[in-house]
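Same chain, two partners: chain A is paired with chain B first, then with chain C.
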Partner chain A sequence: MNKIELLNGNEAAAYGAMLSGAEIIPVYPITPQTPLIHKISEFIAKGEFDADLIHLESDQSALAAAVGASLGGARVFTATNSQGLLYMAEVCYYASGLRVPIVMAVINRAVSSPHSRYPDHSDAMALKSSHWIQLFCETNQEVLDTAIQMFRICEDRRVLLPGMFSYESYLLSFTWENVEVPEQEKVRKFVGEYNPEHIILDPDDPMTINAPTTPDYLTEFRYKQKIAMDNALKVIREVGKEFQREFGRFYGLIDPYRVEDAEFVIATMGTIASTAKEVVDEMRAEGKKVGVLRIRSFRPFPREEVKKALKSAEAVATIDRNFSAGSNGALYDEMRSALYNTGIPVKGYIAGLGGRNVSKNDIREVFEDLIQKERLEEISWINLRG
Partner chain B sequence: MMEMSEKIDLDQFDKEEFLGPSLKSCPGCSATIVARFALKALGKDTIVIIPASCLATLLATNTQTGIKIPYLHALFECGSSTATGVKHAMMRKGKENVNVVTIAGDSGSMDIGFQALSGAAIRNEDIIHICYDNESAMNTGGQLNSCTPFGARTPDWPLGKRLMKKDAPSIMAAHNIPYVATASISHLEDFYMKLKKAKKIKGFRYIHVLSPCPISWGYDGRYTVEIARKAVESGLWMLYEIENGSFNLTYKPERRIPVEEYLRMQRRFDTLTDDDARKVQEIVNELWRRYEE
Partner chain C sequence: MSNLPSVEELPEAIIARFGTQKAKTGNWRTNEIEIDQDKCDFCMRCVVFCPDGAIKVSEGKLKMDLDYCKGCCICIEECPKNAIKEERKVELP
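Right after this comes the complex of A and B.
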């Protein structure tokens, strides 16, 4: 029997790791990830979860231990965010190059300085080129379900890449929602066993791993990572459909909300989408053809799906909870690239940095800008004080 | 005092070789001596993790490898943390008898690698760490590091270091791990005995091997073993072990040779004044006075 529990995002992620049968969990504490670790240690202490929780001495060492454990053949889970994720950055590239399917929760938080512990996608976006699968969640239910799906996606033989699933600090990490917790047996069956053959440290099958390469070799390693990431587009969809059959909930690469006939669409990630969906309902009642396209999979970025979903759009706005000085928000760049040559203008907004609230009124103003075709080529900052 | 020309009887060591051919080491490289005898002593059921270093680089290129046991080239600062994960996976998979060993240089142990090493040691992970100490960041061209000794000059500090060498084995002993030892590639029986002993102990084991480098230290590669021997015979490099907290000197030079005999064989000490050489001699004398007390 599935049970309904009142869970915050961290607890939902902990359930996801437990139900999926993570074997080794190397960790280092960082706010707001810590309650996730507390929950896992509670599961283990109660004898409900047979996992090896290793307390490392740094975030970087936690991910390095995760790589070692995965190379030893274990299913590995870890979690971090912001400073911790950036301290892991070098190991992130190392892990994806070694093709170890580590699953990591990233509880999006702003990156210092100035110091902030509030929601912001800048941490995950700093690692957007590290060849990890990156999924972004909107609700705590999706956090739990995505944790489960991630093991299947990352361990798929066509993929074999590490993956991070993101959910915003406070807005999800410390907010309680009713979450349906699926049965463990059913989840274990869905996820299956991890039996690596492609890369393993085993005295009975000696491999030299990460030998230095000359210019003759590295390009093909990267190209194979590209193929794996391309394959992930298909695998994320497949796993989504199979998950729906087993558990009744569907998540794909994108989450279009009333987009089919929409003329004006906001594309965004994470919880801003929840607010935008409410505004869409209100404006639809007023007769305005608006919609929300939530991007769930940022890596791989589903260009074709995005293009297809927006075929009736007149104008699109992106709302980025991240920013790169000298360039733009990360989603803006991806959307412009996906919609290149379609004639659909994309207007960029920067909002919600360091946890600043993005209100329904802010979203409504974005739609109004689109409808009035105001300054479409300009990047606007929402709620910027003068 | 030992004869400098003394031959080592190889029959006393295990026969199986796990290194070579196709190693890309320099003539007179002692890192390969350390790895060769470490792997002989530990045997087939071993996984070796080597963070960025000369040794990590010289073992393999592209699809060619010169090592016959599982070998992971780890990130510079991540040797001990990566090994922690590997060992835990072995325990999880019912292969707890597999020796997990990190072989790291002095930078990968005592500088950039120190956080992970200290963490693994204080957790008493079931890992053997071998530090091969060539007293500089040699894989990048011999730059100054915390294990460079007083008076040695490096390409990035040509006037000669004025600070002291980090006392790595004492720092590791302060972690209260079950086994700490020093060794020298000139005293192979002693090194081998320590490896065999370490293999039988559970928990974190640390062996620090003085590992002369002809390029960094400035001498002809044929003198590698002789220089290592002079470091021991002068008393500058003391051979000991600390087993469960109790100190045991494993080799005592009958009559210590003057430390200058060791120093003056190496171009890295060209800028060392006679006063400084006397200072080094005093440090050595003090070390042994403390031991004899």
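Right after this comes the complex of A and C.
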């Protein structure tokens, strides 16, 4: 029997790691990730979870230990956010280049300065080119389910890349929701064993790991990561379907909400989508053809799915909880690129930085802009004190 | 480039499925390293310090393994008896 528990996002992620059978968990604490470590420690202390939790002296060392453990053949889980993730940045590229399928929870928090512990996607976005799979969650149930799926996706022979699954600080990490906790036995069966053959530290079968390469090699290895990331599009979908058969809930690359016949669509990630879905219901009742396209998979970015989902759209708005000075929000760039040549205008909004609330009214105004075809193809900052 | 492995032929993350033993560094060498067995008092410093394990002990004598000696001269620096010499083989431009 599956049980329902009242869990916050961190606890849901800890359950995901435990149920999936992570063996080595190297960590360094950082707000708001710390309670996730507390929960894992509790599982281990109670004898419910047979894993080694290793406390390192820094976030960078934590990921380095994760790479080492994964090279040794273990199933590895870790978690971090904001400054911690940026401190890990160098090692992130080692992990993806060495093709070790580490699974990491990223509890999206603004990157200082100014100092902030509030939700913001700019930490994960800074690593969008590190060749990690990046999935973004909307609810605590999705956090738990995604943690489980991540091990399957990353360890798939067609993929073999590390993966981050993200959920926003406070809004999910410290908010309690009813979460269905699947049976351990069922989850272990679903995730299966990790038996690496492609890269493993084995004295009986030595291989040259992280060898210095001449210009004759790096291009081909990078191309192999591209193939792996392309394969991930298929694998994420497959794992989603199989997960649905076993556990009854489906998550894919995108999460379209009343988009089928929608003329005006907001594309966004994480919890802003929840607010937007409520506004869509209200505006639909008023006869307006609006919808929300939540992007769950940012890496790989599902261009074809996005294009297909938006076939009846007249205009699209993106709401980015991140910003790159001198450019745009990350989602805006991806959406414009995906919709290039379709004739669908994309308007970009920056909102929710450093935890600034994004209200139903804010979302409604974005839809009104789209409907009135105002300031299309421009970037607006929501709630900026001008 | 034609005799180099293709994308498909390359494994995921490693150049080759062997240890560094098969990555022979001897062809990096532009000099020749010689050990004067008469000066050597068998202290083993060079054996330990050689980054490529290129100095081997065989029948009570030191033997250079030219497949691996890359000519870095660390052994010369470390030898307390000045028993190792570098002979430049190739003139550098």
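As a working rule, the second predicted complex is superposed on the first by the 386 of 386 C-alpha atoms of A that agree within 3 Å, B and C clash if a C-alpha of one lies under 4 Å from a C-alpha of the other, contacts with A are read in each partner's own complex, and residues count from 1 in each chain.
Following the convention adopted for this analysis, a contact is a pair of C-beta atoms (placed from the backbone, for glycine too) under 8 Å apart; a residue touches a chain by one contact, two chains touch by 3 or more.
Treat the numbers as computed from the prediction; the structure is a model and nothing was measured.
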Fill in: Fit or clash - chain C, chain B, common chain A
clash
Practice prompt. Based on the superposed arrangement, let me know which partner A:Arg158 touches: chain B (first), chain C (second), both, or neither?
Written response: neither
Item to complete: Would you check which partner chain A:His198 touches, where first means chain B only, second means chain C only, and both and neither mean what they say?
Response: second
Worksheet item: Is A:Arg375 touching the first partner chain B, the second partner chain C, both, or neither of them?
Response: neither
Discussion item. According to the stated criteria, A:Glu23 is in contact with first (chain B), second (chain C), both, or neither; which is it?
Written reply: first
Fill in: Touching partner for A:Lys186 - first (chain B), second (chain C), both, neither
neither
Item to complete: Of the two partners chain B and chain C, indicate the one touching more residues belonging to chain A.
Response: B
Discussion item. I'd like to know which partner A:Tyr223 touches here: chain B for first, chain C for second, both or neither.
Written reply: second
Worksheet entry | Partner chain(s) touched by A:Ser70 [first = chain B, second = chain C, both, neither] | first
Discussion item. Looking at A:Arg99 after the superposition, I want to know if it touches chain B, chain C, both of them or none. Which is it: first, second, both, neither?
Written reply: second
Discussion item. Can you tell me which of the listed chain B stretches (44-52, 62-70 or 116-124) runs into chain C once everything is aligned on A?
Written reply: 62-70
Discussion item. Under the contact rule defined above, give the chain A residues that sit at the interface with chain B and also at the interface with chain C.
Written reply: 205-209, 211, 213, 216-217
Fill in: Residue numbers on chain C that touch chain A, as the complex places them
1, 4-7, 10-21, 23
Response to the item:
In their shared complex, chain B is touched by residues of chain A numbered 23-24, 26, 52, 54-58, 60-62, 64-74, 76, 90-91, 94, 201-203, 205-214, 216-217
Worksheet entry | Partner chain C, residues of chain A touching it in the complex | 97-99, 160, 198-199, 205-209, 211, 213, 216-217, 220-221, 223-224, 227-228
Worksheet entry | Complex contact set, residues of chain B against chain A | 44-47, 49, 57, 59-65, 67-75, 77-78, 80-93, 98, 115-116, 118-119, 122-123
